[in-house]
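One structure is given here, and the rest of the page talks about it.
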Amino acid sequence: MELLLNQVLAGIATGAIYACMALAVVMIYQAIDHLNFAQGEMAMFSTFIAWQLLQWGVPYWGAFVITLALSFAGGIVIERALFKPLGNAPVLTHVAGFIALFAIINSVAGLTWDFTIKQFPSPFGSSPFLGSQLISTHQAGMIGVTLVLLLLLYFFFQFTRIGLAMRAAAAQPESARLVGINTSWMIALGWGMAAAIGSIAGMLIAPVVFLEPNMMGGVLIYGFAAAVLGGLSSPFGAVVGGFLVGIFENLAGTYIPGVGNELKLPIALALIVTVLVVKPTGLFGRAIVKRV
Amino acid sequence: MSALQEIVDTQPIETTPKKYMALGNYASIVVVILLCVAPLIAKNFVIFQMTMVLIYAIAVLALNILTGGSGQFSLGQSAFYALGAYTSAILMEVGGVNYALTLPIAGGICFIAGYLFGLPALRLSGIYLALATFALATAMPQLLKLHYFEAWTGGVQGLVITKPDAPFGLPLSQDMWLYYFVLVVSMAIYVASVNLLKSRSGRAMMAIRDNEIAASAMGVDVALYKTLAFGVSAGITGVAGGLGAIAVQFVAPDSYTIQLAIALFLGMVVGGVGWLPGSIVGAAFIVFVPNIAEHFSKGLSGAVFGLILVLIIFLLPHGSRQIAYTVQGWVHKLRK
Amino acid sequence: MPFPALRHARCAALLAALSCLAVVTSAAPALAQKAYDPGASDSTIRIGNLMPYSGPASAYAIVGRIEQAYFRMVNDQGGINGRKIEFVSYDDAYSPAKAVEQTRRLVESDEVLLVFSPMGTPSNAAIQKYLNAKGVPQLFAATGATRFGDPKAFPWTMGWQPPYQVEGRVYAKYILATRPDARIAVLYQNDDLGRDLLKGLKDGLGERASRIVAEESYEVAEPSADNHIARLKASGADVFVSITTPKFAAQSIRKAAELAWRPLYIQALVSASIGAVLRPAGLDNAQGLVSAAYNKDAADPQWADDPGMARFHSFLDAYAPDVNRGDNSVVYGYGAAQCLVEVLRRAGDTLTRANVMREAAGLKGYTPDTLLPGIGITTAPDDFHPIEQLRLMRFEGDHWHLFGPVIDGDLRN
């Protein structure tokens, strides 16, 4: 029983990473209705900017805020420069655009900061949390930040004018334009916010996994899985999905004899696909009525 | 109704008029002649590159049938490619089967695997299907190196394959023989695919692609045709995988990662979704553009590749078929 | 199909004409003994190379950049026996299919004399058969898989670094000597590195391999090794062998410390770099680590006055000032390039592929600047593993403390 409890706790600790990333994934999905394959790389790049600022002697919170602002601006620039011109191109062409962006960012980061791992500081420290060695104060802090972000996003999308406008622009661009929403800028704003949230995710994840150009590759797969499991239309679902994937994966690695350890990612993914087959819009996603 | 849902369910690609799915007769003849003559004037390693282009073209074409034909999106083609490659490799090296005979077996096994995978995939669409296929692609290398299969797969070390010689004492180098062999296989697959899409089944698939609900209201067995499309696509990919294994003379789990699935996907987009002749353009992109990119900068080859890709999708958001249509327009004008 | 035959005939004629020309131009008696294969001439030696400049393994491409820089330095100093090195390095994106394509381009289009230091097991395995069929040296393959040192089956393929299995045996010997009743836990990367090293470890432990109480593998795609460490600690092991690449190695070291798990901690040498692994993981967490080494660590203060490392640093100052010297791959690339230059220098004016292989198989205790004291490169016609010696070391304070004798792990025994 104690082993089970420990494994669940350890699963929650890694789940916090996935939840954080999943939140960023859902954020951009809300804004542009696509999964952005370059999201992880954008977050990684932001984190490197923060790291560079810290190297230059900027205090942590200063670097944090500057990175947030730069990421927000960067997201908007990427949208304006790369995806707005693609405008009416087919959705698969957009996906190709994400892949191109992925390649560019990864390569530039590798050349600028090389591929050795870098230590990234945590604002929460890394001592045991409440006496449990399995969850550190950093991971607890990460869960806390994720939940606060979640709350903020909820209020933003539910109650603010601009949040509502963004949702409308993403879900029903035609109608949104008719009621006077500048959908084009709403999308750019969505990119900016997604990049900013991604940078927070990156800065929280980096202390755990170490900063390097490929640090998000693995995290993104899990983040996607978590977001899809929870339901892409629900930030809350994404966070829950993140923790579930973390726990799933850890339990599969511990308890499934023989292949469990070697195949825990495929097993976790298979479980998610099974969930999706039963509930195609994810655990907390809203069902969408199809029209002819 | 979400915009993406709308795009994915009703309009994954712009509807392709049927007659445009393939090349015209004259154009086809020109392309075939070019493909036949090219190796006579090329160096051996260029012949090898062209062989790889043809093999990737088969795989891109398979994805095109799935996405362009039935409107289902897949990032998992590398898994079927791997399955086909390993089937061929194991049959040849462990079973001693002739290389040509391994291809239909590889295709058959992949067809079954694809069909079975298509069953749960029926419930998924758009992003969710993308994730499921993505999961398949990530899982495949891990399955291939599993301890339990190591006796056959060679585990992480992979399997080395012997390259076939030209039969009947033909005075052809191994490379040239393999090229013509692949050329014949790929032309057969191309012709069969064009005919498939022109057939009743093909029309049913395209009806599903254009509007699933309407198609089902008209009496199309949606489940059957969607899984069938998955099976056919996987089967063809499997043949490409088998050919790839023979050409490269080596299979290993690292050959078939998600990178390959992404490359095939890019090949389809660059070639033009739903336009079968574009597959070879897309395949040429997969093989040659990374070489061009590294020519500009070693340290930034990834970035240069990305920039070239961006440039292509800016100029040709609909892929190479956009060029083909334009040319076709000119030809029509000239005739008038 | 008459064309290819015709082309071959024409090629042969051209070659004959060229060799006539060569004989005519080299009329001077001193030059009469020169012999060249494709890629070599009076003025240049063309060398091919594959590196994952793009794709998931691009971290290792720094080796290629250092080798390139090293050859530039050699050229600036007058080249090898008066010949400049032309280093043709292509991107294989760590994909075996691409590796075959690029290798064929190197051999058939660029006509290189040899393929030097191609990176990674999958790429090397994919091109091994082709290069051996063509009789082109695959020299100093940058991988520790055992199959790249098998002169009977592959007379044109030679590795460089100690095979992973040798390293595994060295750790096994150490464990048997110091903790015969150990309960051993292993974390390994699920690829050729992890599996080969684990095999060496088990072979070395012999019947005591049953003392391995817990084995965990991870995939490179996993974000973190933390949970593996938690599980391994739960196994109650008192010896931990970590066969991990830098990121996972650093995570493991830190996590073990966070969990207050203090086994005899053995870290595979691929991640024993102070700058790239131990410092990010925290030097306090790394105290007492045991590893093996054949190269000097560029970030280790004990080599500050070492003449070899001084040459290494002055090379970097001049030719690659912006690289991260803590990266093990930088030292690796320097050593491998220096070793190749030595082989080519010994080959003299007989720059044929066969002679290059002969020289490469005739090194007796050659020591590049970057090898640890006591370790040398020794090859023989039946020994294609250039470096088979390792030294054990323990991390204390801010540097590795070498202990014990040089351990020879010759796989032939």
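To keep things simple, chains are lettered A, B and C as they appear, and every chain counts its residues starting from 1.
Definition applied: a residue touches a chain if its C-beta (ideal position, glycine included) is under 8 Å from a C-beta of that chain, and two chains touch if they have at least 3 such contacts.
Each chain and its UniProt protein: A, B = Branched-chain amino acid ABC transporter permease; C = ABC transporter substrate-binding protein.
Computed from a prediction, not measured in an experiment: that's the story for all the values here.
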{"item": "B-C against A-B, pair bridged by the larger set of C-beta contacts", "value": "A-B"}
{"item": "Longest centre-to-centre distance from chain A, chain (CA-based)", "value": "C"}
{"item": "Whole-Å gap between the CA centroids of chain B and chain C", "value": "36"}
{"item": "For chain A paired with chain B, centre-to-centre distance based on mean C-alpha positions, whole Å", "value": "31"}
{"item": "Of all residues in chain C, the ones touching two or more other chains", "value": "54, 56, 58, 190, 219, 221"}
{"item": "Residues within chain A bordering two or more other chains", "value": "103, 107, 110, 221, 262, 265"}
{"item": "For chain B, residues that touch 2 or more chains besides their own", "value": "138, 142, 299, 301-302, 305"}
{"item": "Chain C partner contacts - residues on chain B that touch it in the complex", "value": "40, 43-46, 48-49, 52, 138, 142, 145, 155-158, 160, 170-173, 176, 244, 248-250, 252, 254-255, 257, 259-260, 287, 290-291, 293-294, 298-299, 301-302, 305"}
{"item": "Chain C partner contacts - residues on chain A that touch it in the complex", "value": "3, 6-7, 10-11, 13-14, 17, 103, 107, 110, 114-119, 126, 128, 133-134, 136, 205, 208-210, 212-215, 217-219, 221-222, 250, 253-254, 261-262, 265"}
{"item": "Residues of chain B touching chain A in the complex", "value": "1-5, 7-9, 12-14, 67, 73, 120, 123-125, 127-128, 130-132, 134-135, 138-139, 142-143, 146-148, 211-214, 217, 262, 265-266, 268-270, 273, 299-307, 309-310, 313-314, 317-319"}
{"item": "Chain A to chain B touching residues, read off their complex", "value": "33-35, 82, 85-86, 88-93, 95-97, 99-104, 106-108, 110-111, 170-173, 221, 224-225, 228, 232-233, 259, 262-263, 265-266, 269-270, 272-274, 276-277, 280-282, 288-292"}
{"item": "Interfacial residue positions of chain C with respect to chain A in the complex", "value": "54, 56, 58-59, 62, 190, 216-217, 219-224, 226-228, 230-231, 234, 246-247, 250-251, 258-260, 275-277, 279-282, 323-324, 326-327"}
